[in-house]
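Think of it as A, B and C in the order they're written, each chain with its own count starting at 1.
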């Protein structure tokens, strides 16, 4: 059924080049997933630290969020890849990439977490004290479940920003989707098609991620006792 | 290897040259983002789905895909269509296009934040559409849009290092060149980072000033 | 039983220039039912919030069952909080938990009551407040009056020695307020708790309390049994206040 031409090309692109794009997609997805996980760790640590009773802890978290919201992710990435080795720390480029995007998105995420925690009505803290919950119990059982629901739309936007930021790693020779796209472009000269295809690919991933986050929002809403009219 | 302040200071003039380029790209890109963002609001509020939906899809698409790839697209593809622009112009336009999708969302939210009762009241007073927009809607929407617009100006500045990928000689390009010359990337990139941080903080301060200024002149503060 | 259980000695509190409590002294004996009345801003809620350790005085001494508050070590605070609980004007139910969980969570997590026992107790309390049918509802599915009744059950589930009621019907329509007050009358009849109650519902105050304190600008200007304060007030300010409250209803 398949002719020889169909075996070696698809949509006018040789199969090995498709293979490259698939590899790149896998790297981009890995970066997105691990970057998001690490960013979430930074965001929640720093976000909670911002409401700590210890001044030092609050100060460190404030310093982190201000610094990394002021520094371009690409500069952080370059610093980790090109500057850090001269201080005797050689990071794997993939690890450096994950850390760079996570530091950046995590700082914005911390702000989301902080403001969501601050938006919980003070009456909830009062009521928790009135039934003698400890601060930790109050945060875990009362404040966080309510705050998470209000965080999810903003965190969802940040996830898309993180996906977009992963494209920067191609500039430090990490072989993500954008990097492989460049290779394919150079090999075929089909510039417009390749870049449009790349953009569509990212758009599609973004669509899937937003869909997942909406499902998560719905589930969290139920979990937090927000009754959806039905 | 230790951080050598001498080397670091030597890189500063080149970095400042880069900074000037970066700020110029913002000076062109940001007004473009504002103007285009405003233009994009109206089709997105259209009652006709065949206008509203395609525009929304395109806006959403541009917003959720990497600026870097969009820059490559403009840089490599435009010449193929006979549009010969300098790398700098391509970069500024790319930034403007990308951020127009953010600013249009800000304008849309700002306009929608004006309660419908205000429109009703304007109709009840028989104000013209222009008068309603100019005297009722915009004065209430502007204080809402200023803070996010300020944030996007800063965000745009922080995206200027990506212009290095299309050969614009901005701060990061300058740092790379300095590093290549001296074989000391540590100092050059660290100084570049400090410079970005400094300018971001200054821009944030300026944005707050503008907000406050607007609020006090309008008696909203 | 004459020993003072709660004492306020020379307690002062100000918010900015606004003096909320002015060198206040009073005491409450165990199982006493005290109603605090007076114009808004006269410091009644502040007293309850201080007892619940939600707010600290600027100066003065507060003791509960022999434990001093402010300054207090953690054990003292823990002992006081263990004995004390509060019902709020805005109910403050936990919206992320259903009715049953709202009531059982703290006894299980704080007092270490086993789950089946906590559920048992919650069911009894829901019977008392007339809401057995709403066990698995979420707060957002309940009326204000129902939410407040759940809040009362939640407070009682902690088996407090002292129940602080802060304008518990102020946010409710008259009809819903009545059902909450009925529940509280039952509570007052059936349980041996000390009650401090801030309210504008004068008939309720007369029914449940054995002492009424009239507050004005951070001071107690008149106090005594309800019949005396509510029917034959001596102070001109109290007379004026009661007239205005009665007109409202």
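Here is the rule we use: a residue touches a chain if its C-beta (ideal position, glycine included) is under 8 Å from a C-beta of that chain, and two chains touch if they have at least 3 such contacts.
Keep in mind it's a predicted model, so treat the numbers as computed, not measured.
The greater number of contacting C-beta pairs, out of the two interfaces A-B and A-C, is seen for A-B. Comparing each chain's Cα centroid with the centroid of every protein Cα atom identifies chain A as the most central. Averaging Cα coordinates per chain places chain B and chain C 54 Å apart. Here the spacing of chain A and chain B, counted between their Cα centres, is 21 Å.
The centroid of the Cα atoms in chain A and the matching centroid in chain C are 47 Å apart. Not a single residue position of chain B touches two or more of the other chains. The part of chain A that touches chain C in the complex is made up of residues 121, 123-124, 126-134, 137, 141-142, 145-146, 223-227. Chain contact summary for the complex, chain B toward chain A: residues 1, 61, 63-70, 72-73, 76-77, 80, 158-162, 164-165, 172, 175-176, 179, 184-186, 189-190, 192-193, 196-197, 200-201, 204. By the touch criterion given at the top, residues 66-67, 69-76, 78-79, 82-84, 86-88, 160, 163-168, 170-171, 178, 181-182, 185, 191-192, 195-196, 198-199, 202-203, 206-207, 210 of chain A touch chain B in their complex.
On chain C, the positions that touch chain A within their shared complex are 49, 52-54, 78, 81-82, 84-88, 90, 92-98, 105-106, 109-110, 138-141, 151, 154-155, 158, 164.
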